[in-house]
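First chain A sits with chain B, and in the next complex the same chain sits with chain C.
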Partner chain A sequence: MSMQTGRNSISRRRFLAGSTAVAGALAMPRIAGAQAAAVRIGLIHPVSGFVAYNGQQGRLGAVMAIDEVNQAGGIRALGGAKLEALLGDSQSKVEVGVSEVEKMNEAGVAAYVGCFQSPVGIAATQAAAKYGTPFVIDVGASDALVSRGLTNVFRLKPGFGRCVDDAIATLGELNKAAGSPAKSVVLVHESGEFGTGTAKLLAGKLPSIGLEAKELIAHDNPTRNFDNVALKIRALRADIVMMSNYQNEYVLLAKTLLQQKVNVAAMFSVLGGGFNYKFVREQPDVAEFMLDHNHWFNPKSTKAQALKKAVEAKGGLFTFEVYLAYNAVMLIADALERAGSADKAKLTAALAASTWTPEIMPYGPTRFVNGQNQGGQGATLQALKGDIEVVRPEAFASAAAVFPRPKA
Partner chain B sequence: MSARAATAALLAAALVYPLLFFGDGAWLVRSNYAIDVGMLALFAAFLGQSWNVAGGFAGLTSFGHVLFFGTGAYCSTILHVGHGVNPWFGWVAATTAGAALGAAVGHLTFRVGLRGSYFALITLAFAETFRVLANSVGFTRGGLGILIPLDQRAAALQFHDPIWFYYLALALCASGLAIAWWLTRSRFGTYLAAIRENEDAARALGIDVVRQKVRCLALSGAMAAAGGTFYAQKYLYIDPSIAFGVDRSVEMLLVAMIGGAGTVFGPLVGAGAVVALGEATRALSDARGLGLILYGLLLVAIVGFLPNGLVGLVRAARRDA
Partner chain C sequence: MLSPDILLAGTINGLLTGAIYVLVAVGLTLIYGVLHIINFAHGSLLMLAMYAAFFLWRSTGIDPYLALPLVAAGGFALGYVLYRCVIGRLSRGKDENILLVTLGLAIVIENAALFFFGGDTRTVEVSWAAETVEVGPAFLPLAKLVSFAAALALCAALGLYIARSDTGKAIRAVARERQGARLVGIDVEATFAISYGIGIACLGAAACLLIPSFYVAPTSGHAFVLVAFTIVVLGGMGSFLGALVGGFVVGVTESLGGLLLGESLGQIGIPLIFILILLLRPAGLFGSRA
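Up next, the complex of A and B:
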């Protein structure tokens, strides 16, 4: 082999450099081959349709969690396997949600996260159950999601029943502490499962804290005018308005009550779809003193504050969909670490036995009973001076509650 | 190829299609997703055919056909969940209820001479009324909806393997095609065509216009109601928005119009196009709704430039050839 120097010959230095490069290139596939295969997570949210904003927020939170896990080195128990998001749009349609489950199953998902709307979640979890694929509900209020005996379904956040019980206890406590100025309530709710279910549960429990449910007023989605509802509430002379509706109707109802000068001791919602930073910052006068019992992050958690900043740096708002979806993915990541496998049965078992503590939430350690986490709880929030403050539970409170609201 | 041979080929293809994708012995590749898409297309075709029987063959343009769909879904579901009636019998009851409701709506509207846009609006009003009622009355559980217990046995009209829902949808679709074909050959169908083209002339010829229209709406209502039960048993949950939501009425109407209203194969062709388009554009969902925009634009283009639907386009091409 010639190694002579010359115009068309190869110098020793160039030969060494070249051979090193070739050897490196040949070795690359071996290194790449040694890298663990990515674990696919199917994210099914309604990113188009009438609840598109909520769906997009859910997707944002889940994708941020996946990025965070990957940047931290992936799933260590799986040799640093990365998480890979498969994005699905349910379009708010049950059949499309199921179709996404089928499609993602063929793409080899290890677990699903979704679906925001309970009807879509009910059908999608059933479809996933056929394959034994774990399905973590990020948002979905209906208790039917976790009461059908499907062993593959998990919900980290508290359900209807727990939220309503906690909200009622807080409202009773606030009213009692103020000398019981409120005696009666009107409930305004959207006519779907979420609004109807919440309103009926609330109405049944109000007498236990000395409040009378004067009337339940249902409205459609979408509703463009609440003038008549406001006038009816004024005529009923209710002390508290309780509302259970989605974003647009929530905001419109609150605005209409203010415009129509309906003076009440409190506007209180449970899982109020519109009680978020967008509403409170864009319409601080309307939102001021409104109370909501909802899924909320722990304001004292530095990790939660860092995540909030990261979301806001992206131009987004730190709404409940974001951190609930974020937690759903983190729960799966933790289960993957403990299972040491992306095998569906092992992952399901690891999820069922989870004791993971979602640091950014006011939750204790996870404990699933029939797929429902018993360690989760909501927080009672109040809009104060253009911001959202946690007023209950006391351990996580960032401000004192104002009840009853000052007369306009 | 004759129409009969084309139909036989189409039926054979539909029968074979899921075998390409089903189970470990799949002829092509195992894919429940492909079977699911096929099922959705056949189901949409059947619902579109139910609209076509009234809107296409008799000119009874309805904007609220979901009225019958929802009635069927609620009827079998309430009978099953509330009273323990086997869903197979519930399906028969639901179909009968759909026919009865079709006859009742027809009797109420046609007797007083409502037609055209007035009939379209009254059907929309009926559907909305039923949606509000379903939200309000106790036996439908209002907005909470009704969850059908999971019991994946054929005896409970539930199946573990998607192929059986596919074949059930195929059976529905084939029965819809048979009904449409019968309308092109029967005296009843001729009456309907006469009514559609000129109602006054039909009456002058001695046709009992109200009676024939009522019969037609009853037939169409029965079909849509049967579709409602199929949906409920497949997805195991219904609520007022799912059962009586206006978007499903629009879907039924669009499928028939895109394929070709008043033709036997129009709804099938339209459903194939709509479902394929929907699945293709959904692949663009990363663009947040771009898929839906594209889908909408294509629908506008088809409806705007192909007044006789895709079947009309094929016929024109054949004439030119």
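Up next, the complex of A and C:
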């Protein structure tokens, strides 16, 4: 039976066959396009400027985490949606960090990770708050990051308040166990938010462990010469030097103190920017016996060791920026799975309710209070024979602490 | 109140640090004296020279002091080529264009260093770098003592070269009167390129003397370039003697300022000198002799 007769007529069978083929062809792109839309994560780090190395390390860790999530099939709750990294460079400048937030907002990011420097983080999180976009701080020591009532800000690692408390407790314990040879401290810090805030907190808490803060010495970034700081420390006859500064000044100060024969019971840093494998391996004589309370991976975690190997295979160093940024992305991935949506409000709620455990860190399950994770802790480290050992907390320790350091 | 011992040690430290500043400023003042422009790429080129000294040490084990002639010669060649191929051509004979070209060069060099070398801090570890010489209350780093002697020698050698050699005479002639120099047969463009090359060669020498006691990263030049500008203004633009005296004055001011006012506030001495000189003696201490 024909629908129509004549030369141009089409039989019902031919019509059905043809329409099926057309429908099939039209459906093809739809099936191909059924792949869930990628979830964009904005990574804002100072990959240029005076802390470029730290920023590049942070970016490395975050990108590795994104690759790992994607290779494992993406976000399952979103139909296997891939994570897509939007790379931003704050250039170590506050205003540039804020403009990166704006640009990435235009590009439709679901969440941000950043910013290494506290001042940049403070401004960038404020900018992200306007759009209700969650912002996970990977590195940023200032507690002002999470104490302004912004509900979109989350920090997995402990801030300098917690780190200072833990460091002070450890220092007091080490000094007491050695018969209290140290009585006084000089604090040398960079003059920004991180260094000044940490040094002031430390100075306020030192009397609680029987140590007197003799002087706080601030320096700029960059500083060309620490000879006079060494002179001052020698004149003050301090027993301990505590340092809070970024990589270049940290290393230069440590070298100068050794060169200027400043004999102290300990050089102890809190969140020391330069205390890493590179420093300890390249300058073992300078680093030997230096103590640092910092973010550190769990040396007993096989996943952490595997990640360390993967980073080293790329020619990089497994510094704290790498694994803190890695964890920040993994935290967002976990929240996306639980939210089942990339909607900003739902993702923020999922982050706030997170009970994720960062396996590679010496942390318990996540519990955010006003955006600050209560389950995180740092570790006290010591440079010993060209390597970095964990000396506290005891549960993760890989060596016994040497305190006071042997006299040169 | 600080003891006289500390102040004495601080003054000596300031002189030693000032010597490093002299080395950086000498090239800058030469370039200004002849080309009449401030070389904004000076800090970036210093950084590049420091990388050269670092990579030579790392790949061949050659001590930075022994690498000095090589890096200085490389600096001369780079400076000459940069002037001939980039600065001279793009400036089209206008001094204000040269300013912009050197600023552009600085941005390109710094970002290229970041791209190729990464943001990581590199240091040269040589056994003698940690050695000190005890002089009264001060422990003087051997590396800085060598830099001090080298700064004096370099200024003397450069002064003699400019005063006695034919090229030096041509440089002085071009610095005084370009048109006149051209009329008596001096190749002005070549003299510009040679002057720029010598300026960068000085940076090469400074880099080799600096790297054992400092570090190199893509932004390392920033730490010295503002100080070098201040020294050139203080000593008188184009004056070697001015750069020498200015470097030591700035070094001691910075050192004593740091001791008396604190490391951060003590830095105020450098911009203060800059402003005072501009107000009271715009030509600088030795500017009239330049």
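What we mean here is this: the second predicted complex is superposed on the first by the 377 of 408 C-alpha atoms of A that agree within 3 Å, B and C clash if a C-alpha of one lies under 4 Å from a C-alpha of the other, contacts with A are read in each partner's own complex, and residues count from 1 in each chain.
FYI, a residue touches a chain if its C-beta (ideal position, glycine included) is under 8 Å from a C-beta of that chain, and two chains touch if they have at least 3 such contacts.
Since the model is a prediction, treat every value here as computed from it, not as a measurement.
Enquirer: Aligned on chain A, chain B and chain C: do they clash or fit?
Expert: Superposition result for chain B and chain C: clash.
Enquirer: Could you look at A:V47 and tell me whether it touches chain B, chain C, both or neither (first, second, both, neither)?
Expert: Once the two structures are laid over each other on A, A:V47 reaches both partners.
Enquirer: Looking at A:Q91 after the superposition, I want to know if it touches chain B, chain C, both of them or none. Which is it: first, second, both, neither?
Expert: After superposing on A, A:Q91 lies in contact with chain B but is clear of chain C.
Enquirer: Looking at A:C115 after the superposition, I want to know if it touches chain B, chain C, both of them or none. Which is it: first, second, both, neither?
Expert: Neither chain B nor chain C is touched by A:C115.
Enquirer: Does chain B (first) or chain C (second) touch A:K261, or do both, or does neither?
Expert: In the superposed model, A:K261 contacts chain C only, not chain B.
Enquirer: For A:R148 in the superposed arrangement: first (chain B), second (chain C), both or neither?
Expert: Once the two structures are laid over each other on A, A:R148 reaches chain B alone.
Enquirer: So, does A:D227 touch the first partner chain B, the second partner chain C, both, or neither?
Expert: second
Enquirer: Would you check which partner chain A:I217 touches, where first means chain B only, second means chain C only, and both and neither mean what they say?
Expert: A:I217: touches chain C, not chain B.
Enquirer: Based on the superposed arrangement, let me know which partner A:A123 touches: chain B (first), chain C (second), both, or neither?
Expert: A:A123 contacts chain B only, not chain C.
Enquirer: For A:D285, decide between first (touching chain B), second (touching chain C), both and neither.
Expert: second
Enquirer: Could you list which residues of chain A make contact with chain B in one structure and with chain C in the other?
Expert: In the superposed arrangement, which is not itself an observed complex, chain A uses residues 47-49, 52, 56, 191, 218 for both chain B and chain C.
Enquirer: Chain B touches which residues of chain A in the complex?
Expert: 47-49, 52, 56, 87-89, 91, 94-96, 98-99, 102-103, 105-106, 119, 122-123, 126, 130, 144, 148-150, 190-193, 195-197, 200, 218, 221
Enquirer: Which chain A residues qualify as touching chain C in the complex?
Expert: Interface residues on the chain A side: 47-56, 191, 217-220, 222-225, 227-229, 231-232, 235, 247-248, 251-252, 255, 258-261, 274, 278, 282-283, 285.
Enquirer: Within the complex, which stretch of chain C touches chain A?
Expert: These residues of chain C touch chain A: 2-3, 6, 9-10, 13, 16-17, 20, 111, 114, 118-121, 123, 125, 130, 132, 138-139, 141, 214-215, 217-220, 222-224, 227, 255, 258-259, 262-264, 267.
Enquirer: Hey, which residues of chain B end up touching chain A in the complex?
Expert: 30-33, 36-37, 40, 135-136, 142-145, 147, 149-150, 160, 162, 235-237, 239-242, 278-279, 282, 285-286, 288-289, 291-292
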